[in-house]
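Scrolling down, you'll hit the structures one after another.
Two complexes are shown next, each including subunit A; its partner changes from subunit B in the first to subunit C in the second.
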Partner chain A sequence: MTIYSFWIFDKHCNCIYDREWTLLANPKSGTTNSKQNDDISKLLYGIIFSLRSVTGKLSSTETGRTNEISSISTGRFRIHTYCTATGLWFVLLTDFKPFNYSKVLQHIYSDIFVKYITNNYLSPYDFAQSEGEKRGQGTRKITNRHFKNNLELFLEPMISS
Partner chain B sequence: MAIETILIINKSGGLIYQRNFSESFASKLNSNDFLIIASTIHSVFAITSQITPKALQITQNNVDYVIPYIPMVGMESSNPQQTRNANVPVKLGSYKGPDFFKEPFISWNKSGLRQLSTDQFTMYIYQTMTGLKFVALSSNVLSTNAGTMNGSIDKTKAVNVASQVADNFLRKIYCLYGDYVMKDPFYSMEMPIKSELFDKAVKRMVNNLL
Partner chain C sequence: MSRQQSINSSQTPTPTTAQSPLSRSLKATGEEVWKRTEKINAELFTLTYGAIVSQLCTDYGRDFVKINEQLYQMGYSIGVRLIEDFLARTALPRCQGMQETSEALSKCAFKVFLNITPRVTNWSSGKDAFSLIIDDNPLSDFVELPMDAMEQLWYSNVLCGVLKGALEMVQLDCDVFFVSDILRGDQQTELRVKLNKILKDEIPIGED
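Our next item is the complex of A and B:
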């Protein structure tokens, strides 16, 4: 298992956190919070958004179950998603081997995001400050040091193993 | 692997064939919904090649795109319920053997969308060299209890096999397309497939798939 990048999108289609590893041998390599308004984050959001609308149509309503996307795979990599009820999307790009990362993403949400961002009084409640920053135009991002460090610590063993 | 729905999408994103094989979630949708789904899949397919991660672009590691041949997927002799043909192998035609192809093949779907797994179904996409896309919706679900850290190898393998079976199966649907649609003199290219023979052959193949 190898992971390539990690993204968080909020309910306003904004990318509020991104982390990409470039050299898999070196877990410190790569970029943090530099691709928010890059095409790649918008394309990634668009792919998941479109496929969510497809799976929403193709779900059985009788069972009352949800039909969330767990992974999207191409010939070279796989996109794992975890969507929360508050409209946050946690996205992880990994190698294409079918391996279930939903617990990993769930852990990032419940034990890292909630602990350092949601339960933090100083962290903004909503990352979009004004009307103009909604619909994918936002610039604010997660800069919390503890969140970053804990995320690195948690994901580091998975980068190249 | 129960196939719920099969879609065929032409190279410009139009839906040319759609069949449901069970009274499941897909059956309540109308043809317009399927047209939207087909064009969405087509456009997402094109976008996925744009978001290849940096680490992959740098390393240039050669991924093996060869898909192993899995014998008799969807063929009549693979179905134990049909015992009448147990001794006599079924031939597909005068010069064809009991199976459409017998060799591993290279997937042309190198950077596009290949598989979509959700809580309720798995979607497999096979792309041909000419840009035609065969989409199968299977009610199989990618196992969710595969563990996180203690990755169980067997389950990973099982999912891999499922996608290989799906590729083999969809390639056979493509063979049927070649036989029943392309050889139909009244068929016009890129138009919806209205062939009854093709319909029957696809239905038979889906039923043989266990």
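Our next item is the complex of A and C:
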């Protein structure tokens, strides 16, 4: 399994964290919270957003349950998503080999995000601080050192194995 | 009350959180998560809360309306963060309707964080408001309100704020308030949750 990049979107449609690895041999390579990835993050958000509304409409109404997307695959790679009820999206781009990354994303949410961002009262719980930063127009990112270090440590073994 | 660290972050991930809560009842989910949660001394918690309320009483010169407000505000700030912790532990999806919300609250949320299961009653005709009857409120163990406070103080008002904040984060705009409290000489402690409206998820600019 190989992972290419990792993204977090908040409920205001903003990308609040992005991490892209460029050299598979070097887990320290690549960019974090890069400006250059702004457009890509918007496209990625759009793909998932559209597919979510499609699958929402296609799901049977009997159970009354929303039909969440777990992964989207293309010829070259796969997009894995984990969405929480509070509207956070955790997105991981990997190679196309089938592997269930939902546990990985759930772990990132419950043991890294909640621990270092939510339970950290000095970090904002909502990254949009004004009306003008909502609806995909915000630019604030997670810069917390603990969060970053622990995330790197956790994902490192998966970059090229 | 911190979560049990069941796996080390540097290892390959193994199952941690409850799977597919849809297939099991909310009650079972609540109990299972409670079993996995690290426990702390309830008295320590009760006394800590007591210290906070009494400090507020001093700070606000026994202006109980202000104290209620302040407790509510504190609860709100706790709730907006606590919801993430709750969802991380239970992996519950959004609730379909208030009926399910009430069960998730009483059987999962209260169970996981306070180990109590309030009764759900007094449904409004439109099914958009319900009451939680809290029989064994851990916040108010050992508490007897002084005469001047009995009239106005809602001792456990922090709970209202927590519910308000947490529900708002899952797009349910609710009013949450106490109707009665044993501490004030009422028959039972009743917490009312009333849905105002379901908030809409935001969509990126230009999508509509």
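What we mean here is this: the second predicted complex is superposed on the first by the 155 of 161 C-alpha atoms of A that agree within 3 Å, B and C clash if a C-alpha of one lies under 4 Å from a C-alpha of the other, contacts with A are read in each partner's own complex, and residues count from 1 in each chain.
In the analysis below, a residue touches a chain if its C-beta (ideal position, glycine included) is under 8 Å from a C-beta of that chain, and two chains touch if they have at least 3 such contacts.
Not measured: the values here are computed from a predicted model.
Residue contacts after overlaying the shared chain place A:Phe154 against subunit C, while subunit B stays out of touching range.
Contacts of A:Phe77 after superposition: subunit B is touched, whereas subunit C is not reached. Of the two partner chains, subunit C is the only one that A:Thr86 touches; subunit B does not reach it. Contacts of A:Ser5 after superposition on the shared chain: subunit B is touched, whereas subunit C is not. Touch counts on subunit A: comparing subunit C and subunit B, the chain ahead is B.
Once chain A of one complex is fitted onto chain A of the other, the partner contacts of A:Trp21 are limited to subunit B, with no touch recorded for subunit C. By the touch criterion defined above, A:Ile47 reaches subunit B but does not reach subunit C.
By the touch criterion defined above, A:Leu122 reaches neither subunit B nor subunit C.
In the overlay built on the shared chain, the residue A:Arg135 is in contact with subunit C alone; subunit B does not reach it. Touch criterion met: A:Ile112 reaches subunit C, while subunit B stays clear of it. On subunit A, the surface patch touched by subunit B in one complex and by subunit C in the other comprises residues 46, 65-66, 68, 103-104, 107. Of all the residues in subunit A, the ones that touch subunit C in their complex are 11-13, 42, 45-46, 49, 64-66, 68, 84-88, 103-104, 106-107, 109-115, 118-119, 121, 125-126, 134-137, 150, 153-154, 157.
Taken in their complex, subunit C has these residues touching subunit A: 3, 5, 7, 9-10, 12-17, 22, 80-81, 83-85, 87-89, 91-94, 96, 169-171, 201-205, 207.
On subunit A, the positions that touch subunit B within their shared complex are 1-2, 4-5, 20-24, 30, 39-40, 43-44, 46-47, 50-51, 53-55, 57-61, 65-77, 93, 96-104, 107.
Residue ranges of subunit B in contact with subunit A, taken from their complex: 24-26, 29, 33, 36-37, 40-41, 43-44, 47-56, 58-59, 63, 65, 107, 109-121, 137, 142-148, 151, 156, 159-160, 163.
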